[in-house]
Amino acid sequence: MFNWFMKFGFFVCIMMVCLFGFNVYAAEGELIGAGATFPQPLYSKMFDIYFQQSKIKINYQGIGSGGGINQLIKKTVDFAGTDAYMTEKELKEAGSSVLHIPTCLGAVVVTYNLPGNPKLKLTPDVISDIFLGKVKKWNDPKIQSINKDVKLPDLGITVVRRADGSGTTYIFSEYLTKVSKEWKEKMGTGKSLNWPEGFIGQKGNPGISGYIKQTQGAIGYVELLYALQNNMAFASIKNKSGNFIEPTPKTVSNAAKIKIPADTNVSLTDTDAKDGYPISSFTWLIFYKEQNYGGRTKQRAEALAKLLLWIVTDGQRYVEPLQYSPLPKEASDIAQKIVKSMTYNGKQILN
Amino acid sequence: MNTMNTAAQDIENNKIIPFPSHFTVQEDKIKDNKTHLKLRILKDRLFKYIVIIFSLLSFLPLLLVLFHITKNGISVINWSFLTELPRPIGEIGGGIYNSLIGSLMLILLSSVISIPLGISAGIYLSETNKGKLSNIINLCIVVLQGTPSIVIGIITYIWVVAPLGGFSALSGGIALSIMMLPVIIKSTEETLKLIPYHLKEASLALGVPYYKTILKVILPTGISGIMTGILLSVARITGETAPLLFTAFGNQFLNYNILKPIDSLPYRIFYYAMSPYPEWHSFAWGASFILVVIVLAFNLIARGVSAKWKVQF
Amino acid sequence: MKTEKDASEKRFKNIILVSGLSVIFLLIAIFLTLTIASVPAIKTFGLGFFISKHWDPSLEKFGALPFLYGTLITSFLALIISIPFSIAISIFLGEYFKNGLLSTFLRSSTEVLAGIPSVIYGLWGLFLLMPVTRHIQTLLGLTPYGVGIFTASLILSIMIIPFSASIGREVVSLIPADLKEAAYSLGATRFEVIKNIIIPYARSGIIAGILLAFGRAIGETMAVTMLIGNSNFLPKSIFSPANTMASVIANEFAESTGIAASSLIYIGLVLFLVTTLVNIAGTYVIKKISLEASKEVT
């Protein structure tokens, strides 16, 4: 009988060795990240290029900013992506110091599915009313009056919002909190909101775009690239200065012409810039400052630091082709400084 | 004109009843019975047609599902689809190689855990007479089999992912092995129970130790049933997604390390299906086609094994 | 006299005993883990959790009524839609066409139906059922969500047909021939035999099949998650988006912490208990039937 067990156990050991052994080379050559879907197309491209250059695999799963922050706090990932700067509560929960670096700029656009894909203009009040569920039909005078050149159909508005904890929701709601008193009272700012009844929930930016694409009369909020990649129409929004601004990488960059604090915690929504798109935002990658935790090796910490540095320097050349806006020089400089402040056992990792 | 009918006519028209009164009741009854009988036959025929129609109708969704999977999926499948890794979001091309390997690894992992344990427990149940313990174990097996896969995902997250500090193929394998156990135990028990006692008796009488009797005589005899159980449970878990959502996590790269996240066919299908990209949708169909083929193949092989390897007594 | 053989036999018997016991331990461990992890939620919300309809992550206030409702409605609807079909298949295969090509064909296809993974049903539903639902909604003048209770129940009903059908077929075909023959000899039509003899006799089997199908429907996750619309509110109509206990866990667990995670596990605990009860009930009924059937044979 022990013979039998021996043979079996031997077989198991061989298999385990194979399973582990295959990966001896790549054991440290893999980093795990999770979080925001807002910048995911960009990260996806960046990580693909980085892998070709450095042979380091970066497995990034888009589970939403909330999920990313959560997994970083639980220390199951090396880094996380979020479009919402961590809250006081979350920072406290993390225990040790968490650093944020911005990686690019993006726009949250209001996208919709109407026959003929007309380009619409929207004002903050109307957006607030639609997403509060107060305006229920497309040909409502509130929408029609600012879009006199478009014949809006008598179609019900299906509002789609994020079902998961989303940084995109955070950016969108932060904007609305600034521009609408009613929104501020009823909904506020957050990654998960207490949405009115009758709204459809979808996961991730891909989920929302996918649903709107298939549903006539649907409206939702997604990152610009998703709307562009799927040939969906999106609205020009009236900004603080009274101009209707179309979301483009340029108008997003315009919104970022402000001073950036050392911890990069800055909001770009409802920008003062005359020609800036009002729902623009940075998106961040977050990670622990002190990298020696949970048995992580120095090698791994170095790999992470190198990756992060690359993203905010050389990696920036991949930003514009994907319709995101590159980091302004000031932001990139601050980000580099932050990455260089990462430590392993108290000692600086990069110099 | 003679308005008076003949007696025969009157009887025909039920006007004159030529027999004593108690027979009149019979006459009515016979007439009623005739129509009644016709009604009964009608009902019978109608029912038969309804049953046939409904049965064949229930066959319709299956036809449709298989049709669409084949129609949409088969055009996507080519060598690069099967051997390449996914491309970044929005780019064309790529494949599902990582998911194929991932599914394979998960199957291996969960089999390594569940087959020895399952066969062992199955042997115990078949070798023990009916008693309180056996009944309890059987009850537990029933409960385990009916547990929703998402609950098993939660459990595995708490037991493996949280302590290990990360998502891993191992946790996915453990979750799937919990789901494989009930089927393997049951089929082992039932197969072994069917083996006639005299085989065991003969072996023991010849002086073969008990454990050797079981392992080298009884088990091999029952191999067809046991293999069927294993193949059927593998078929089941190959298509499972829910327990992998918070354990294996998904991975767009190839991964052979069981302590790292891993992709799988059903997870990839889910991810692509819920995306907005038509390219990814067609990939989802292609991956579904492959998944269905694999699952059906396992089922077919299981039947083949059951028929061909069966030891007759 | 203790011999090597006795020792090895004892060792072996211990090993298989431990394997058998491990099943029990596994189940107890599952139950305990679920319960312990739910404690924070139980302490905060108690049993009122299931009557409260507010699920608000931002306020950290959780109530599971919408999901209980969603689960029950979709499962019941799925059952109602599928019962005529599974009974028809049971009678078709158990009585009319016990053997032959058509019978093998239908039996195989029922098994194939059961073997198709849930996520594939979800995919199919996304692209083939949703437009149908949208069409119906547009005809009725409702907003064409596409997702919702209606679509989810439809796909569920397709998925659970094989479960009740296969058990039903077994019981129907096990009816003692002499009972049927007695009825035929008295002049009954086939329909009458089915209606008055077979159905009552097979009733418990059919009910067991329905119970097990119900248990399956309650716990079904992937196809439902993809088609139900992710709304954490009490659904107002059959076309409203909603969530079931399984789908809300699938959607929100990965990113939940603290009381949110505990609430979701609390839901998982209840889901576990309900499916356990239903499955035990169904199995118990089947056991009773097979006991009675074996008594008949002897």
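A, B and C are the chain letters, set down in written order, and residue numbers restart from 1 in every chain.
Following the convention adopted for this analysis, a residue touches a chain if its C-beta (ideal position, glycine included) is under 8 Å from a C-beta of that chain, and two chains touch if they have at least 3 such contacts.
Just so it is clear, the model here is predicted, and its values are computed rather than measured.
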Discussion item. Chains as vertices, touching pairs as edges: which of line, ring, star, complete or other describes this one?
Written reply: complete
Worksheet, complete the sentence: By C-beta contact count, A-C versus B-C, the higher one is B-C
Worksheet item: Hey, how far is the Cα centre of chain A from the one of chain B, in Å?
Response: 40
Discussion item. Between chain B and chain C, what distance separates the C-alpha centroids? Give it in angstrom.
Written reply: 13
Practice prompt. Give, as an integer number of Å, the spacing between the C-alpha centres of chain C and chain A.
Written response: 38
Worksheet, complete the sentence: Residues of chain C that touch two or more other chains sit at 8, 11-12, 254
Fill in: Residues of chain B engaged with two or more neighbouring chains
209, 211, 274
Item to complete: Indicate the residues of chain A shared as contacts by at least two other chains.
Response: 1, 74, 202-203
Worksheet item: In the complex formed with chain A, which residues of chain B make contact?
Response: 87-91, 105, 108, 112, 116, 161-162, 165-167, 209, 211-212, 215, 249-253, 255-258, 260-261, 274-277
Worksheet entry | chain A residues within the chain C interface of the complex | 1, 63-64, 66-68, 70-71, 73-74, 93, 156-158, 163-165, 188, 190, 192-194, 197-203, 211, 214-217
Worksheet entry | Residues of chain B that touch chain C when the two form their complex | 40-41, 43-44, 46-48, 50-59, 61-62, 64-66, 68-69, 117, 120-121, 123-125, 127-128, 133-134, 136-137, 139-155, 157-159, 178, 181, 185, 209-211, 214, 235-236, 238-242, 245-246, 266, 269-270, 273-274, 281, 284-285, 288, 291-292, 295-296, 299
Discussion item. Going by the contact rule set out above, which residues of chain C touch chain A in the complex?
Written reply: 8, 11-12, 56-59, 130, 134, 142-147, 229-233, 236, 240-241, 251-252, 254-257
Discussion item. Could you list, by residue number, the parts of chain C that touch chain B in their complex?
Written reply: 5, 8-9, 11-13, 15-24, 26-27, 30, 33-34, 37, 84-86, 88-89, 91-93, 96, 106, 109-113, 115-124, 126-128, 158, 161, 165, 189-192, 194, 212, 215-216, 218-222, 226, 246, 249-250, 253-254, 264-265, 268, 271-272, 275-276, 278-280, 283
